[in-house]
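Each in structure tokens, the structures are laid out below.
Paired with chain B in one complex and with chain C in the other, chain A is shared by the two complexes that follow.
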Partner chain A sequence: MAPRSRLSQTQAAWLLLAPFLATYALFLVYPFCRGIWISLHDWNLLAVAFNPDAKEFVGLRNYERVMWGKNITWSLFNAPLLQGLGLLALVLSALLHRLGRLSRLNAIVFGVVSLLLVFFPGFYPDEGGRWYDRRFWPTVANTLVFVAFTVPGVTISALLLAAALNRETRAMGILRTLFFLSQVLSVTVVTLIWQIMFSPRQGLIANITKTFGGTPINWLTDQQFAMAAIVIATIWWSIGIAMILFLAGLQDISKDIYEAAALDNARGWKAFWYITLPNLTRTISVVVILQIILHFQVFGQSHLMTQGGPNDSTQVLVRYIYQTGFRDSELGRASAMAVFLFLIMGSFSIIQFIIGRERD
Partner chain B sequence: MNRSYYWLVIGLSIPAFLWLVPTLWMVSLSFQPNEVLARTTSSTLFGLIPLPFTAENYASLFSFGQTPWWFMNSIIVAVGMTLGVLFVSTTAGYALARMDFPFKRTLMIICLIGLMVPEQAVFIPLYTLFADFGWHNSYHALILPRMAVPIGVFLMMQFFKAIPQDIEEAARLDGVTWLRIFWYVMLPLARPAMMTLAILTFLYAWNDYLWPLVSAQQREYFTITLGLASIQSNFAQSEGLGRVMASGVIASLPVVILFLIFQRYVVQAMTVGGSKG
Partner chain C sequence: MKYVLLGAAMAAGIATTAPAQDITLGRFFGACEDAGTDTTTSTGEACIIQSIINAADAELDGINITTLPTDWGNYYDQVKAAYAGGTPPDVHVMHRHRVPEFAGLGAIAEISGDLAAAGIDPSDWSPAALDAVSFKGGIYGVPMDFHANLWHVNMDLMAQAGLVADGKPVLPTSPQELLAHAQQFKDATGQDYLAADFAQFPLGVRTVLALLWQQDANIFTEDGTATINTPEAQNAVTAITQLFDAKLANPQLNYADSQQAFLNGEAGILVNGTWVVDFYTAEAAKEEVGLNTYYVADFPTLFAKGATWADSHMWAIPASLKGEQRAAALKVMAFINDHNIDWARTGHMSVRTSVVESAAYQGLPHRDEYTGTAAIARDTPPSERYGAIQDVLNRELQAIWLTDKPVSDALADAEIEVQDLLDR
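Right after this comes the complex of A and B.
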């Protein structure tokens, strides 16, 4: 048989890689670099659309206009609660490492996070000073508050559920399905359901409250409750993945340990506390970091349920980027914020990657 | 099974039912007449039982309004994206897992960095890029960006790496070309992994909100997820609560059915998708 033109291994490999590399370069690498490029310009969406030269190179001005202000100073006592907490965590991580309860890597990660907690809240505009963008840091703070409530909420409830559901029976399978079901819904279905659930006039929660003689809460329009409402909807929505990851982690704990512990009368809560938890630390950190990355990018819940309100109390970072870019047409400033978002997400991805590596 | 097991099942049934209530309520409201809902949403057992019953909301969804059209858009985008992602991921994944070529390590590191870039950090430059091409308000604008996400490549690469070498070597000795080995030997073996990736991609495509919101400004190119967002802000006045809820049910039906049939794959897909970004 006459050999047809044969590709060498290298040629065949590049041929197979070409479709992916082309899309990857065009729709991910190039936009990423272009995003940084845009963030260095005064770039108005509409002006540049009509005249491509209507942009001006401004260097790092956009970053300054977003994150900095006039007469900004730093003090250790600006936000005593947060900064004190940071200091405490810093001491704690050093101490725990000394006592051998925390691996060096975890101690470093923990320490860096607590240092940031001491550092960032310390900035404030001094007399006569002001932030150039008064909404940016409060928006970041809202996002962090959202993460700070959602992540522990999801993690703890998913962990308890997984521990309870960790049996291969039909009934348990059905229960798992019920808890997981909400996870496959889209964000717009979730917000549709919960907008009406929370409605003070038509909502299920209000109807039940009224039956018991209570006054319905204006969940989505009351500044005290709006963030809570979004957190509740999000926990309801996203418990599934965490539960599944925990169930997978539980499978890896040998049954023998439990049997041995049962001989020592450690069952139920005791077994959970002394066996399940210590054997699950790796999975817990994976789930926590995963959730942080996922929920830091929250957009739909805030955009659809509360429109960032009332009074900006549920305004989150991605929604602010979206508004700055597409309502105010200020692509330069929006891109600077997007780069900021990427830096935060990227550092968590690196931590995630390191933890994943450690396992192998 | 002992008694404590049955207590556990009963004890867990209560939170499981509570977990189901919001979804159940949506379904129940979608089967009640709009006139009744305008008055009260708690006719029978807080509205959890659809009495008085009507299927009118679903009938009207299909006789007027854009929901069926949006539904078709979602099908086109989700199927198109799934096929596209499967194609680029299996080919690239195979090459990275089983073949040797210069700059392989560099390439892998470049792809790994791509995993760290969230969609939310590049949607602005992507918007300007597609605007320059004049591509917005089209199906390919909704499909193409996801094909660049390297997670599928890594998923397929891990799978291909786990296949024993000798299958391939036997074929190589017989003088079969690389592309033929890929097509006739490897792809049939990769079916379970492809299934997982397909479901992951389909779910993502169906539920994606931010990029369609930015890219599709004409209502003819809305996906059902985006369309549902556009009618829910003024649901009570213009559309009728029952009708909007019916749209919500229709929008969820494909993913819920997919989940119930392919539960094992869905769980696996979401675990992989979750733990890798």
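Right after this comes the complex of A and C.
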């Protein structure tokens, strides 16, 4: 007879989990709750450091001051393009669900996202009104634009690269390492490299442009190109990890399927479209969601390459939080913005969770 | 004799093993790896200040100085975070415009009672320098310089454009003349008349502010009312934008690119501060650099009276610093104060009367060319929100020249936002 364990299975589980839970609580849960607590106060970074009583409880006023305004109204026609797109997506998700092309849960997710697209851009300050913080929503929009370009950019280029490099030769091994190399650099190094690349005087891009008789573009100070410059640098930087994930996914696809497909004359592009992609959907959704969560937190590229400019066109949410918290010492307001960012990223995590569960 | 020597050696050993005061020092100005300890030969802000710090570390008995790694753009954020975390540097540099914020909260120490003991004589500071470090009747730092915006001039190009008389550049006296000179310059040389970082670093803001002050106007009043959407501000902005509109200057160059354009001989005038005078002097002496004959001019008066943007660098210590640590930190500040003439080599204006009157100071390269600057130095009224206000102005002015936002819209928006900041 085996000796009786003195701990029940549940007790043992808790015991083994305890170190993680304690660390998690101390370094994640507590700071998070404190962040929410600070966001409910008028809290000056320096003043409170010297006099803990210098803070004042203001309830939700920081949220109001950041996100709301005077005489704010709603209309379906405030941003016809975005709201129209949202409506179209709403109808489409209902239609696709009806036709059985979209599962109920996915239809709900897409429906909710479309609804938000109809809802949020509809707010605007009416006659004599104004947003209390005129920079917040444009900053959120910039962040969304950044994410909207970077995530597909990274995903598509990483996928194509992975498909091209998924061969067991020495050259491919070297190329894989080379493409992954950018990932290990820190943001300061990456932005320095790209600042030099984009420089209209000594940059590689400018020199190539000049060779072909063109006028070099001032990438980082031209409103039309500044965001593109940041997106390009980011794609170059973060392509490595996505590529590795795709390579792992690709190697999971059985060779038999490709052989069977080859008998049916499906090779190259056809095989990629009908075999590789359907078998990779799960990896693709993981990569996309991870990238979305990661790139909402963009900071260094905007801070170091363009300083949010020109005219705030590359100002992103984390940089605004940083400026509000440290340059302006307004920790309460900064925390309110951080809570907003958390909600965005949290909702994408939930979407990932839902999609993941449904496939299981 | 042997015992004497042994005794001396032991005494020396005891003296050197006495506990040294470790002083942490925070500064901007950039990094200089091999500054050495010779304060008289280093060039450029970073190397001159680091050579002074290295010399202090070597020469001050019982004091070890560690220069903390900090970054220009985020310096105040780092210092504030350090104060908030209770670990500020023992000595740190700052601008006069930050005094209301740091002294107002009690972060930096009032040191009027410590100066004499440390060997610092405040009566040698010029009245403006004393004013720079004063707050509500107390002294909160040791001033190091006045720095201001200058016009750095390529004399060869100006001569080519016929804009030199008596060995001096002929500079405009009105916005109309500015445009005329710029056109004349472009026609003669094919180059841009004026360059500056209008795209990132707030040199465009400082230029517009100077033109505003020249009309006896300001961006906000002492009692906290924003006054930006005014005819004076319109005049100041259009004095600059007329050059962009006529393609006589490029608003898209950042700091490095505008400086390179000037050094390459692709711009007649560079608007930049006093901090680069020695650097440009050194560059102009090089064979391979396009700039050959370099001249430094006071910011010209385009409106009623002279004015140029100016500020001061100063050194401060945390209020929490006490005892021997405080005494050691003050000694470091005294050492820097003693080397004011070395710092002035950068091109900055000295804060010490004895230095200003010295032959060594007056003999510094180009020094006699911008003697008028001290009299026209100006800055905005003191505000705890200086950084944020500069940022608003920089953004809206960039919007005008980089994105074609109408001047009146940008000024109206800037006024609302600055008022918001002043009201917070």
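We adopt the following convention: the second predicted complex is superposed on the first by the 327 of 360 C-alpha atoms of A that agree within 3 Å, B and C clash if a C-alpha of one lies under 4 Å from a C-alpha of the other, contacts with A are read in each partner's own complex, and residues count from 1 in each chain.
We take it that a contact is a pair of C-beta atoms (placed from the backbone, for glycine too) under 8 Å apart; a residue touches a chain by one contact, two chains touch by 3 or more.
Just so it is clear, the structure is predicted and the values come from calculations on it, not from any experiment.
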Touched partner set for A:311, first chain B, second chain C, both or neither: second
Partner chain(s) touched by A:326 [first = chain B, second = chain C, both, neither]: both
First (chain B), second (chain C), both or neither touched by A:134: second
A:293 touches, of chain B and chain C: first, second, both or neither? first
Contacts of A:246 with chain B and chain C, given as first, second, both or neither: neither
Which of chain B and chain C A:9 touches, first, second, both or neither: first
Touched partner set for A:49, first chain B, second chain C, both or neither: both
Residue contacts with chain A in the superposition, chain B compared against chain C: B
Contacts of A:223 with chain B and chain C, given as first, second, both or neither: second
Touched partner set for A:32, first chain B, second chain C, both or neither: first
Chain B and chain C footprints on chain A, overlapping residues: 45, 48-49, 202, 304, 322, 326
Complex contacts: residues of chain C adjacent to chain A: 73, 76-77, 80-81, 83-86, 101-102, 105-107, 199-200, 252-254, 256-257, 260-261, 385, 387-388, 391, 394-396, 398-399, 402-403, 405, 413, 416-417, 420, 424
Residue ranges of chain A touching chain B (in the complex, touch as defined): 6-7, 9-10, 12-17, 19-21, 23-24, 26-32, 34-35, 37-38, 45, 48-49, 161, 164-165, 167, 169, 171-172, 175, 177-189, 191-197, 202-204, 207-208, 211, 236, 240-241, 244-245, 248, 286, 290, 293-294, 297, 299-300, 304, 318, 321-322, 325-326, 331, 334-335, 338-339, 341-342, 345-346, 349-350, 352, 356
Touch list for chain B against partner chain A, complex: 1, 5, 8-9, 12-13, 15-17, 19-23, 25-26, 29, 37, 41-42, 46-47, 87-89, 91-92, 94-96, 99-102, 104, 107, 110-111, 114-118, 120-129, 131, 144-145, 147-150, 153, 177-179, 182, 203, 206-207, 209-210, 214, 225-226, 228-229, 232-233, 235-236, 241, 244-245, 248, 251-252, 255-256, 258-260, 263, 266-267, 270-271, 274-275, 277
Chain C-facing residues of chain A, complex: 44-50, 130, 132, 134, 199-202, 218, 220-223, 303-304, 306-307, 309-313, 322-323, 326-330
